[in-house]
Amino acid sequence: MTVALLYSITGFLLFLMGICGLIFRSSLIRRALALNITASGIFLFIVAQAYKGESALPDPVPHGLVLTGIVIGASATALMIYLIGVLRYVSPGDNDSGEEE
Amino acid sequence: MTAHLVITVVLVPILASIFTLFCGDMMRRVVCQIAGLTVLGSTCLIAYQTGHSRDVLNIVLSGWEAPLGIRLYLDGLSALLLLTTAIIAVCITFFAEAYFGVKARSGRLTFFWPLWFLVWAALNGLFLSGDVFNLYVTLEIINLAAVAMVALPRTHESLKAALNYLVIAFLGSLSYLFGVAILYTSHGTLDIQLLAELAGIDGPYILAAVLIFIGLMIKTALFPLHFWLPPAHASAPTPVSALLSGLVVTASAYMIIRLGFTVFAPLMHTPLTLLLGVLGGLAVLWGSVHALIQERVKMVVAYSTVAQLGYVFLALPVVVSGSDLAAMVWYGVLYFVICHACAKTAAFLAAGTLINVVKHDRIAQLSGAAQHWPMVFMAFGMAGVNLIGLPPSGGFIGKWLMLQAMINSGQWLLVLILIAGSLLAAGYIFRVLGIALQTSEDSRPPVPAPLQLTLTTMILAVLPLLLGVFSQLPFSLLAVGSPFGALP
Amino acid sequence: MRVFDFWLPLIVPLISMVVGVIIFFLREEQRSLRTFLNIAGAVVKVILVHFMVLGVYQNRFYEFRLPMFGDVEFVLHADPLSLLFAALSSVLWLVTTIYAIGYLEDSPNRSRFFGFFSFCVSATTGIALAGNLITFIIWYELLTLSTYPLVIHRGTTDALQAGRTYLAYTLLGGALVLVAFVWLNSLAGPVDFAERGSLAHVADQYQLQLKIIFGLLIAGLGVKAAMVPLHGWLPSAMVAPAPVSALLHAVAVVKAGAFGLVRVVYDLYGLELCGQLSVMPFLAVLATVTIIYGSLRALFQDDLKRRLAFSTVSQVSYIALGISILGPIATTGGIVHLVHQGLMKITLFFCAGNYAEKLHIHRVSEMDGVGRRMPWTTLSFTLAALGMIGVPPMAGFVSKWYLGSGFVEAGQSWVILVLVASSLLNGAYFLPILYRAWFAQTDDKDTTAISWRLSEIHPGLLWPPLITCLLALLAGLFAGSPASPLFWAEVITAREYGL
Amino acid sequence: MAAATPSDILLCLLILSLALGVLGDANPFRGVIIFIVFGLVMALSWTRLDAPDLALAEAALGAGVIGVLFLVALRKQGEKDVSLATQRLRLNSVTIISGLLLIVFIVYLGALGVFSAWKTPGKGLVEPVYESLHLTGVSNPVTAVILNYRAYDTFLEIGVLYLVMLSVFALQPDEKAKFTSTEQYDRMLRSYARGIVPFMVLAAGYLLWAGAFRPGGAFQAGAMLGGAGILLHLSRPAMLLDMRGLVARLSLVAGFFSFCILGILAMLYGFDFLQWPSHLAKHAILTVETASTLSIGLTLTGLYASVERKLISPAIFYSGEEDNP
Amino acid sequence: MIHSVLLILSWLMPLLLAATAIIAPRLTWKALVFAGFPGLAAVFLVPVGSSVEVPVLLLGTRFGLDQVGMGFLFLTTVIWILAAWHAKGYITTRRSSFGVYFLLAMSGNFGLILAQDMVGFYLFFALMSFASYGLVIHERTPEARYAGKVYIVLVIIGEVLIFSGMAGVGTLAGTTSFAQFGEDWVSQGRGALFFGALFLGFGIKAGALPLHVWLPLAHPAAPTPASAVLSGAMIKAGLIGWLRFLPIGDAALPGWGAIYIGIGALAFIAAALYGCMQANSKALLAYSSISKMGLMTMAVGVILVEPDSATVVIPCILVFATHHCFCKGALFLSVSINRNDVSPGLRRWLTTFLLLVPPLSLAGFALTSGEVAKTMMKVGLSASISVKALTGLAVLLAINSLLTAGLMFRFCWQRFKHSPHAHQPPGAATFLAWGTLVGIVIISPLLLVTFYPVTLGKSLSIGALWSSIWPVLVVSAIGAVLVNRSWLFVPRWPAGDMLFLYLLLTRLIEWFGRVSSRFATAVSVDFLRKLFIPPKAGYHFKSLLRQTESRLGMATVFGLVFIGLLTLSTYLLFEHI
């Protein structure tokens, strides 16, 4: 049970839990949370696989990927939260400024 | 020289996106047109050069060779896709300008243009990208921008559709990302060509393949995972839904074909393709039947997208039986996808022109519309010809190749589904045309459709027919760097 | 002159297409320009086709080849058979255009009508000149597309319903033909239509498949040729305006199906293979059933155009019957009937259109004493009807004569009974109409002589039936002369049978 | 390979339980709080797997900014939104079936030997990165990867941030956001902000500079700057600029634009796109980093402001009527 | 050169005149009489055996005049011209339409005689048949329309039968011109079938027994000049058809010959008997024509049995045909003449004498053409048939002469006793035409003798004279006794005899047609659609679709599908390692 395997499995489990959370929760904020957890799961897996042991240097490329992933995940979540806010503000049928009915 | 030309195809729209953020109304229009035409020009040059030199181009970015740095991969397929995207994009740009009209000159709709050019840049980036993770990033840009544009009208339905779309697309991207991660961990590189060489069936490879394929299936709205597409496309403003149905969905279809035939080539001969084929068949039937019962033109066209994309997967089981048939499938599917992009955009633009004039697209109230706006329905008809797959159109050639492959491999059920799909497509296209061609009683003088809208729709409607008749050039271009060499 | 020979087969279908496109963009008011374009296009087309006819007669080689994708090519090749059909459609298009201009004098959206009208004829000529399978399908489907708007031109609900049934049938037919051709293409590679069939190289390997493909082709082409189980669309498509039902359902669409059958049997499968596969009896039985069924149904139709439609259903199957009996005379009969039936049937439809337009008569029961009021139209109707029955000197007799003697020569004398029965049935449903037209008991007691002045209806509507009726008469009367369709049919059969 | 120590197992169990807490918890507010804790624990795990850069980014961005956004979204939601009401996890047929399917899926993966493959991860690209590290102009390998080896990815990633800001602008209601009078903000928050903000900016500057040779870099600095911005927004809205004004747009675009300009310059000098010549690499990376930090910081602040429905706008431009809800 | 022009002009002239009717109807009416002159000129000027080739017309036609053609052309042209002349005075209503149909029928009749090839023959035969429909229906009375309907139905059946027979013969014999017919085509393949078709086809026109039903209806209905031509010339077309098509004088066909003779004899007797019972004088004459045609059918039968007797029998047929044409024509024309329209005195006696001559001639009274024709026929037939058949023939001839005498007696009695319904006196032309025709009848014995010298000796022998007189004397005696018995029941049988059988048949066909068409509509597509697809199916189907679609949209279902696909694809790929 090496470090890499342990964290990879945790990451994989996080990924699956995130998907289940996404599916069984209908509220949008809960879904945003679930998506973030899924993303963290993937990143944990990547970094776990990049870990080469105490003495060896870890592989920086996955780290770079994860960094980019985190930023993208964060911006996507931010957009989602913003949309949730706007949706709550715009009541159904209110034709704010759309061009058709 | 072409290396720099290729980069400009990605950079120019980005610069345009940035400039449109700052300049005033008149300047913005000029910037849009210049950017559009320059990208169109450079894609034509690229296509000509790839067709002429007949060899594949690998462009190294930031100076580092493959495993470390990122490579852009330009072969016939991506050149043709770039060209088609450019043509469609220029038409959408001119259409959107006339469509939004005064509304887009001030207020929040001015931000449509930077978003739109960013999507165009990401599309070009995606078609060129030779790196799996880079594909993820470009795909993510396209999806987030698409979500934003779907939500543009800020009506309740469009926001709900946008949120649904975002959640599903984000899930698709994440599962794709996980697949990429697994590929990297087992092979140590992210470059498509290198991965293709190292491809060998083992545990992680299968998990990666499953995750990537399902992620992309979500993005291309294949049958069971398609429910997000119709509301998103129908409630978005027309230029956006044209962009979504035409280009965004084509991008993920392109990725499936690209990865399917390079990185996951060994898996092409496994029962996985049968599953994809079955889902494709169901998509064709389900989408067509639904398109038949819709009340709004845009919903009809949206469901038609679901149906037409089913064909991409329908032909895959044929690859299981023999490699020479795989070539026919490869060419057939790609040609079909390209013509479908033009035709679908034309259909949506036609619906948009109609909405711009009549302010609604409920089919029931459209009786006699063809009398007032013949050109719009002529364009819709021509686009319909390609969607049905009737001869003069490129779609027909795609279907002809797929049909030939299916018959050679003896898959008669697929032949049946393909034919049924075409007939059902005829059903919903002519349902709309039939009602429009009725003689309407009210003789109030019709508001003439703006020329810029009708012209752009007509150009895009004629394109698939031209691709159908003069199919020699595109096929020779497609043959450059294709995994199967020239069409047998 | 090589270049001219290369481009000519393409120019002929393209003329009417270009005219069609230009007309589309004309506004409704530009009536004179539209008329000029129509007539000019038609005349130029007729001249070019006849130029090609002379050329082919001197064995010049006209072929247009455009590679499409892989080894598939878009081929337009002018051989005697194709020119026969092209000549028929171009001449009748000219006449029908004149008629249509007169008929649609003040009706709405005529630009759209004439646009699709010329598209449809370019499709017909394309089908005639098609040199291989894929070109044939392309024009075949284009024909469906361009005829649909014409069928629903009036825009009424039943026109739409007719359009729907028309589409359902023809697209199904097109799909069957597509599957058959693709299958054939995969079995035998890219195949061109050749004088004596071009499937010899795969004949022995794929006996069963070739039979199934033949069945599919018969079904697919049978839809347009209105063979029995698939003829439902023709009577209901009579809702279309008269010029449409005249040119399309008597000549272009129906003949395209029949012409397709001729092409498949002679230039694709070839005689020996058809004989070898023994599929001909199947076609013969189908044709016979259609002939009898069509005539029987026509007997009980009170609506004039529906009666003519059912008569077309039965008459077109003569061609199929002629082909299915493998003998030179029977083939000539079948091929020449292609032209003769077209001439006679279009006259009948023109007259029906005139009655509907001038006297608002749509039903046979209302036709009492119509001969007195419109003598010239009824005269041409009578002559054409007699021709359909097969009474000399009209063209109908010549083709029935060749069919009859062909069946005897081929030893299939039972087929003559079919001819006899159908002639009787023709008599049974045409003669009452003639009786009503000329001899019926009209209440108005004017016994003055019929006034034969040529002003009974708008000249544009009067002259076309007279011209086509005259053509039918001349084709019958001077069948022996080299200018007649019969002579050309014999040239075709001579080449088909390699005599 | 290093064997898993009990502390690792504990850490993983903690992570999993926190994730369960976030998803399973009935009350959404508590879910968000647990999510923030989850983010911090994740940062802890990054340090364990010696990826300090990621730890910093996760802490600042993942837990920090996103956590705050979730909190603001929750506060804005209020109770009336039914979806927020406490919800039990419905155990109906669909959930059971998918649970079973998941188990079958995991069993199959095990049988496929996926997990055994994960035990010994491949060697990846460690050697090539460290060999040519000296050419990249920076000593921190992660910064080298994201700003030199795979600069194109980071270029597009900045594009994503730029894109999100664009969408936020595109979806703001047209009417100008009304600005509230300053008294509402309590004294204590203002004085705290006055104290901490300069240090945060200084720390961001340090992080930016240290990125070249020690964990840190543009994103972490940007996140820190964002945090500072949010704090400022909470305490003294008058201070900051109107997000949609010209200066704000310019700064937002700075990172993305700088990448473009430098890439084009590289191309003009005959190098590949985004290729920094070794001697100039350090300076190029630095300029890009500063520009991106600035735009990241501002983007995050703008995101926060837009989610809070009040775009920051100086009093001078707009009248003081009451802000719409 | 002149011959070919005449040959063509004889049938072209009436056609051209008919065409002019469109422009100047009155001119056509005036020139009606002159239409027949080119034909008459051809009879005298064109030598037998000359022919002209028109390759362009139809499938290459040839017109010529052989011995049979010459004989028939003579009688046809004479009767047509005189009928035209008679019609000038007789027809008052719708003159131009009568004129057109008259001219078309004339052109058809002349053309079919001259045609030397099958297709040309068939063309003119059809033209004559269809045009004469116009003549039959000219009066527009209900009886005329009914007669016209029966006539046209049988004409069409005739046309079709002839067409199929002709097609068969043409291909089996390999040529379309009559001259090159071999006789072996009958034995080939289905030769018998085509022979039968030709027999029936021309039998209809010639009034052969089972198919004669249209004759007794059409002739009375048609105006007198038309019925004169119908009965005089057109009925002979069927005979010409037989002579042209069938292998006369080539192969011996005993079977077919026997059939011909049998039917001919039956007609010969039964028709005459039925004729006596007719009240309408024109119907009476029609039946007498049928019986006379029966005799000629027997003659043809004899030729078929004894091919080499053709050279003798054909002249007899020609003689008998000419005689019959003139007498029958005169009798029909006399129907329109009424004794008391003429001022009393010498002219009335002359008319009564002239009225009596044709019946006597038809009955074969001494020194009349009838007697000449009958003796010639008897001599001709006896020369070629066995002795036993000869006695049968003599008996037949005797019975027939008795019956014909009876017919004629009844005819004269009806003519003189009942003055026809008030019919305004016909024009002078009618009288003159009738008078000339009777004159021809009177001099016809001389004409026949000059044309066919062989007949002279035999017809003057005492035996022949006696055999021609006794039947007339006997009948007139009986008639004189019966005529003034008022109690006498004069039988009146309806005109059409076997018609009711055919009507039953048509009823049957019509019923079958109705049932099959109802079945066809029943099995039509929309019926099936209503049957199999319940009415509201469309609506339910749509709502079902929408429900599944929305259910698919639910997140949970989506998740299930997502995970399902994951497991399914891993399973699929699982065994593939």
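Each chain carries a letter (A, B, C, D and E) given by its place in the written order, and its residues are counted from 1.
Heads up, the rule we're going with is that a residue touches a chain if its C-beta (ideal position, glycine included) is under 8 Å from a C-beta of that chain, and two chains touch if they have at least 3 such contacts.
Since this is a predicted model, take the numbers as computed values, not measurements.
Chemist: Which chains are shared contacts of chain D and chain E?
Modeler: For chain D paired with chain E, the chains in contact with each are A, B, in label order.
Chemist: Where the contacts of chain A and chain D overlap, which chains show up?
Modeler: Chains touching both chain A and chain D: B, E.
Chemist: Measuring between Cα centroids, which chain is at the maximum distance from chain B?
Modeler: E
Chemist: Which chain is the middle one, judged by CA centres?
Modeler: C
Chemist: Using the touch rule stated at the top, which two chains are linked by the largest number of C-beta contacts?
Modeler: Counting C-beta pairs in contact per chain pair, the top pair is A-D.
Chemist: Where the centre means the average of the CA atoms, what chain is farthest from chain C?
Modeler: D
Chemist: Go ahead and note the Å separation of the Cα centroids belonging to chain B and chain D.
Modeler: The answer is 31 Å.
Chemist: Express in whole angstrom the distance between the two chain centres, defined as the mean CA positions of chain C and chain D.
Modeler: So the centroids are 73 Å from each other.
Chemist: Based only on mean CA positions, could you tell me how far chain A sits from chain B in angstrom?
Modeler: Whole-Å distance between the two chain centres: 27.
Chemist: Using mean CA coordinates as chain centres, what's the chain A-chain E distance in Å?
Modeler: 101
Chemist: Of all residues in chain C, which are in touch with two or more distinct other chains?
Modeler: If we look for residues of chain C contacting two or more partner chains, we find none.
Chemist: Touching at least two other chains at once: which residues of chain D meet that condition?
Modeler: 95, 98, 102, 109, 112, 118, 121-125, 129, 149-150, 153, 157, 160, 163-164, 167, 171, 173-174
Chemist: Of all the residues in chain E, which ones touch at least 2 other chains?
Modeler: Residues 556, 558-560, 562-563, 566, 570, 574, 577.
Chemist: All pairs of touching chains?
Modeler: Contacting pairs: A-B, A-D, A-E, B-C, B-D, B-E, C-E, D-E.
Chemist: Going by the contact rule at the top, pick out the chain C residues touching chain B in the complex.
Modeler: 24, 66-72, 74, 108-109, 112, 134, 137-142, 144-145, 148-149, 152, 154-157, 160, 163-164, 167, 171-172, 174-175, 178-179, 182-183, 185-186
Chemist: Write out the stretch or stretches of chain B touching chain D in their complex.
Modeler: 3-4, 7, 11, 14-15, 18, 21-22, 59-64, 67-70, 107-109, 111-112, 114-115, 118, 121-122, 125, 131, 133-134, 137-138, 140-141, 144-145, 147-149, 151-152, 154, 184-189, 202-204, 206-207
Chemist: In the complex of these two chains, what residues of chain E are touching chain C?
Modeler: Its residues touching chain C are 22-23, 25, 55-60, 93-97, 119, 122-123, 126-127, 130, 137, 140, 145, 148-149, 152, 156-157, 159-161, 163-164, 167-168, 170-172, 189-190, 193, 513-514, 516-517, 520, 524-525.
Chemist: Under the definition above, what is the set of chain A residues touching chain E in their complex?
Modeler: Against chain E, chain A makes touches at 19-20, 22-26, 31.
Chemist: Once bound in the complex, which stretches of chain A touch chain B?
Modeler: Interface residues on the chain A side: 15, 18-19, 22, 28, 31, 35, 38-39, 42, 45-46, 49, 61-62, 65, 68-69, 72, 75-76, 79-80, 83-84, 86-87, 90-101.
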